[in-house]
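Provided herewith is a single structure, encoded as structure tokens, for subsequent inquiry.
Think of it as A, B, C and D in the order they're written, each chain with its own count starting at 1.
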Amino acid sequence: MDWWFFLEVFIGGLLSGVMYSLVALGFVLIFKASGVFNFAQGAMVLFAALTFVRLLEMGIPMLAAVGVTMIIMVILAIAIERIVLRPLVNQDLIILFMATIGLNYFIEGMAQLVWDSKVHVLDLGIDEYDAFEIGEAFINKFDVYAALIAGGLVLVLSLFFRYTVIGRALRAVADDHQAALSVGIPLRTIWIYVWSTAGLVALVAGAVWGSKLGVQFAISSVALKAIPVLIIGGFTSVPGAILGGLIVGCGEKLAEVYLGGFVGGAIENWFPYMLALLVLMIRPEGIFGEKIIERV
Amino acid sequence: MTRDFVALDTFPKILRDNAAIFKGRPSIREKEYGIWQITTWNNFFDKALLLAEGFYNSGLRRGDKIAIIGDNRPNLYLAIASAQILGAIPVPCYQDSVADEIQYILEHAEAKLAVVENQEQVDKLLEIKEKLPLLKNIFYSDPRGLEKYNEKIVFSLETILKNSKEIDVDLDQEINKTSKDDISIMLYTSGTTGRPKGVLLSYNNIISVTSVACEIEKTNPDDEVVAYLPMAWVGDNIFCVAQSYISGFCINCPESRDTLTLDMREIGPTYYFAPPRVWEGMLTQLMVRMQDASKVKLWVFNFFMKTAKKWGNLILDKEKVPFAARMLYGLGYFLIYGPLKNNLGLTRVRMAYTAGEAMGPDTFLFYRSLGINLKVLYGQTEATVFVSLHRDGDVDPNTVGPAFPGVDIKITDGEVFYKGPGVFKGYYKNEEATKETIDKEGWVKTGDAGVIDSNGHLKIIDRAKDVGKLNSGNMFAPKYIENKLKFCGIIKEAVAFGDNKDFVTCFINIDLEAVASWAERNNVAYSGYIDLAGQSTVYNLIASEIDKVNRDLSQDTELNDSQIKRFLILHKELDADDGELTRTNKVRRGLISERYGMLVDAFYNKENHCFIETEVTFEDGRKGSISADLKIQDMNVYDLKDQVA
Amino acid sequence: MNDQKFVDRSEVMMNIKDINLSFGGLKALSGVSLKINKGEVLAIIGPNGAGKSSMLNVISGIYVPQEGEVEWKGKLRKKIAPHDIARMGIARTFQNIALFKGMSALENILTGRNILMKRNIIMEMLYMGLGRSQEEKHRKKAEEIIDFLEIQSIRKMPVSRLPYGLQKRVELGRALALEPELLLLDEPMAGMNVEEKEDMCRFILDVNEQFGTTIVLIEHDMGVVMDISDRVVVLDYGIKIADGTPDEVRSEQKVIDAYLGAG
Amino acid sequence: MFYREAGQFKTSYKKDQSILPIFQDRIAMVAMLIFCFIVIPLFANDYWLASILVPFLALSLAALGLNVLTGYAGQISLGTAAFMAVGAFAAFNLQVRVPEIPFLIAFLWGGFCAAGVGILFGLPSLRIKGFYLAVATLAAQFFIEWLFTHFDWFTNYSTSGVITAPPMTLLGMAIDNPLSKYFLVLSIVVICAFFVRNLARSEIGRAWMAVRDMDIAAEAIGINLMKTKLLAFGVSSFLCGLAGALWAYVVLGTVEPQAFDIARSFEILFMIVIGGLGSVSGAFLGAGFMILLPILLNNVGSLITGGTISTETIAHIEYMVFGAFIIFFLIVEPNGLARLWQTGKEKLRLWPFPY
């Protein structure tokens, strides 16, 4: 067995895992604040990425494009809160879940209708094929940068959560809605904030994924990748999301490389889910998730 | 189907015959455990025999009385049949009468046995058991809550039906022994005054009258009737029991009081009797419900109601009607009348009766316009119900129809007298009362004031003894006025005064349901009956109705003096439990005028308000008192002249 | 239903020997012993947080105390699957109504009969043979309960549309449908108006009388309970402070304190 | 308005519990069956039969299956298409291996295999709820899709990786033209619908609904959650498997695993959300809606823009419209078209009264 190769695969896995975490982060934010499992996160990633790339193509400078996209995402967030969440407030979670599936379809449709469904190249000025050499292992630079960006975002977010009023309010909401209100910020505002933040995360994720795979419809399916990440990491914990991402990342890479061969390959589609299932059977609330206690 | 009621001259004989000719057909259905449980004629008869044995064993003999107390339940009808087989006399009592009312009747009737519905009634009887030495046994139909009773005299009907011992008489012979002049049943008339009197009705009375009624209406074994009227009331015994015996149709007993309307809907009776207040109640409810319908719907409804008003009755009376109108009515029938009748459970009604009180012409015509063949009859317990009756195609809302076949009617100084095959055998143990009522030629005094109109219809004005004179010397017929008031739908009860007075005044009871919904629509806030009744807006509402009546009365030469000058709205609903109404909900005029004497005085002492405190009985029997300061309102009256002008 | 008229109240149905129950450190019940006699109406009362619900769950078998043992009909009871509790003859109602919202009152009660039905998917699919006959057989039983609880008029209404009091009644009906020997009522009168409470009391007593069902109810206010129970047990902070007839308990100083203390 | 219920009283539980207790409803049902079995075949052309009605019926069956699981038993599933795939491939393989097997048997076999797989992936439902469960079913979705793509054995080593349904003959008649196919599918679907309806009103159905509405209470009255949920998974997957077989044999003819991708799963989920959770009619209404809406959009689109509009754009709009409808229904009428139908019926029964 070639340990360098193993290391290479392993690190590669970790790095791509970070990107999963990035998407998962969006889910966690919203779940923490509103208990909604936002299936539309993937679509939001797509929408953000498309918007961003199209703005760039229009020749708008990078930062401006980021800004505009952000504004659009915020508007989207507000719209969602008003049109979808408000009427469904304190409905069954499962209903909300299905609503976000609908939302997912809507946004996907909209994204491609407003912009288009071609594949767009997004260049963040990072060479995708350049790589660091560690011993005999090659580590893709791009992945490293992506990881750094992701890490940075996570850092920013956790600071935001810890040191801003909104942030604290958000944490409060996660624990208990009444408490949140006592902080003095109406639930609705909070939701808008959360969804906007999720929008931001979507943008970053979109940009990173986009520049890796090219911005296209397929991006929205990274959401499906993120779900097992959440199951493993737990829906309510940011660190959980990170770790979950890493686990899934290298788990699937290693599985692909070392098992895939025997079973005809392309197993990374379902492997994370099987992993997730395993976790679920052992610990239904995920590794970091808070235990759900049912009152008799 | 014509049957020979000379041979079949008693109910036991008819029942035995029915068991043969209607074998396997339902005689009585009861909704129990969610479905309509059927008792066929033959097993009704078999059960009756078993029960008869049981009664015989517990000492019931020819001529003995047996009290029947409870809601309409097959077992109680069964008990009546069984008693009759033994030649004993069933005495049904009102299930909601209080203990001492029951006690009087059982004492007076010397009842040996009592068959009751449930625990409630059993308790009532046990409470007065000591005072009824003659009462040997109590049988109950519904065991609920009675298992633990270890009273020696209380038994369940089921036990009898299950384990009946052999007896030394042949029931078949017993049945043969019954003859047409035997007493079939004894019914106590609630009587607006004094103690109730036991009216004795022979088989002949009932069968002769009923068979004619069946002839007129062509009743047949496929008819359906819902038994919901008190068993102690003659109506139930004729319209349900007797007629079902004679024409073999099925009696349907509702599941419970509060499912009556549902059960009515399910059964969809073909034959329906209801006192006016029920019909009126239905109509008010219907209108109230329609109030909340959408604009469009309401428009359609009103449109077709107009159509019905215009043509419905003509069509029902088989008169000539333009084709277009028929079409329109047909459409209306599909869109409105049909569904409406369906909702009221009246879809299949072939014959509908009302009696007992006068009914508002509008209400009356409303139902007829829907194609419901509603008819008024005038009757008494003493006449085995039928004295006069509307006939198909000869219906007049203001009368009670022409004399019933075989009945003669005469009016002597304003009072209605009749004679015929239905005339009762007398009051039980009350010779002089009997003499008072039936004279030598067999004319029966009704105590009602009435007239026979140009086309031979009898028209009832009022209780004869209530008809008084105003100081002006003009006739004063309180009931007539009160009814006119009640027809408006928002007045539940009215009590008019004026005998030996200068002018007419009256107490009003508002119809809570109707007025409440009016209040809602006009957002008038109120906290309860008393409050609502006191509201000046409500006073004005009532005043406007009274004004209509006054205009109406002013056109009547004899009655224009009877216009209402002053009125007040009572702070409590007149209630049978307080003795203010009879069990059949007729106002006890005398009692009221003395209990509320001070109010009456206030009327004529020109006071414009009066404080009163009255004792009331609550649902659960507790006593309490309510007081209020009642406002008295004046009305303006009209002369004949300014009508002409 | 099992019409066992005269029940021998001395016979012990369940014997709970000084149990301790705690959730992660915090004690819910400490050293509580309790006998439930066959055929009695036993009320467990106490201020909020006295451990009433925990007690009920111990009785029903959902919670297994860390210490102490529970004897059911003279035999030591081990941990049981929640769905087997009913099979032991124990039925319960819940504090905040736990009806099946998607069903009518009748269906809710029928569902209570499920446990007594046989499952045969083919026959039920064809709605023939057993599939149909048992539906009809048990419908009869359900109807008897409906009749008993006087809810004929709302038989086919969806429970979600019923007023609170009636919902409680339907839930009682569902529990009765199991034909239990032991019936646990978790605050049966909570949030009812006086009239509804009176009705409920009447039904509880009738159940006890007619079917000889042993009844354990927990209530938070003493009032009503005192009139209908043969025996009252008072809990306070997870400790049994009184056990006896209503009158005995009423006069118990500790009880008065506990209640005044709890306000 | 059409109802005349007065006089329709029930004298036995048999009558009271019959599937359509109201006379007017029985009439309506008969009328509808006549319409489906006689009128449609008389007047519908091949286009309608082949490309609208038959697919509609097949998907209705799948929706019916999912409705058993999600609507009645309250267990959400995103793996419907996977179970359909199992049905299709199992049926196909049975016939390939054992050629003389009649296709109906093969269909049943497909159903049972699907049921087996369904139960397997239903096992997690004992520990997990709501969308956690959805994840488990997603696992099924991806795993099975992958399985059929990567193991040629399932496709009988066909180079193109697709399966081609053997010709079907029933009692000597070849079922090859749209009409015969229509009759075949219609019959199967009607029968299944009848069975589901019966289950729903029996002890099993009540157990399912009890678990759905309040599982704690359900346990307290002795309902075994595990058995009940797994049974729901089994029955549901059986129907989906059957639907899958129909989809492969009758609708497509040649199928690749991607015909049963996650999009299909969502499509069917949408059908029951829009059609109505927990009702048989809902499955059909929803399927009808999902089939007809695109066609409608197409026509409307080309009408407005005079045919210049690109199919791609239409597709995007379709996405948006579906999404919007889902949200709309979840907000306005969580019980879907079926409930609207119900309320309409109630109105008719109460007519002319508002309540």
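Definition applied: a contact is a pair of C-beta atoms (placed from the backbone, for glycine too) under 8 Å apart; a residue touches a chain by one contact, two chains touch by 3 or more.
Everything quoted here is computed from the prediction, not taken from an experiment.
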Query raised in the report: Common contacts of subunit B and subunit D?
Result: C
Report task. With centres defined as the mean of C-alpha atoms, identify the chain lying farthest from subunit D. Result -> B
Report summary line: Min distance from chain CA centroid to global CA centroid: chain C
Requested in this report: Tally the contacting C-beta pairs at the B-C interface and at the C-D interface, and name the larger one.
Outcome: C-D
Query raised in the report: In whole angstrom, what separates the CA-based centres of subunit A and subunit B?
Result: 77
**Report entry** Intercentroid distance (Cα basis), subunit C paired with subunit B, Å
**Finding:** 46
Query raised in the report: From the C-alpha centre of subunit A to that of subunit C, how far is it in Å?
Result: 48
Query raised in the report: Just how far, in Å, is the C-alpha centre of subunit D from the one of subunit C?
Result: 41
Requested in this report: Hunt down the residues of subunit D that sit against at least two other chains at once, touch-wise.
Outcome: 13, 16, 216
**Report entry** Where subunit B touches two or more other chains at once, by residue number
**Finding:** 34
Report summary line: Contacts with two or more other chains occur in subunit C at residues 94, 139-140
Requested in this report: Spell out the residues on subunit D that touch subunit C in their complex, using ranges where they run on.
Outcome: 13-14, 16-17, 19, 195, 198-199, 201-204, 206-207, 209-210, 212-214, 216-225, 231, 235, 278
Query raised in the report: Which positions of subunit C touch subunit B when the two form their complex?
Result: 5, 106, 139-140, 143-144, 146-148, 150, 152-153, 155, 206, 209-210
Query - Residue numbers on subunit D that touch subunit A, as the complex places them - result: 76, 124, 127-128, 130-132, 134-136, 138-139, 142-143, 145-146, 149-151, 216, 262, 266, 269-270, 273, 312-313, 316-327, 330-331, 334
Query - For the subunit C and subunit D complex, residues of the former touching the latter - result: 60, 81-87, 91-92, 94, 98-103, 107, 110-112, 114-115, 117, 119, 121, 124-127, 131-132, 134-136, 139-140, 174-175, 177-178
Requested in this report: Provide the residue numbers of subunit B that touch subunit D in the complex, in ascending order.
Outcome: 29, 34-38, 224, 265-268, 286, 289-290, 292-294, 297, 300-301, 334-336, 338-343, 345-348
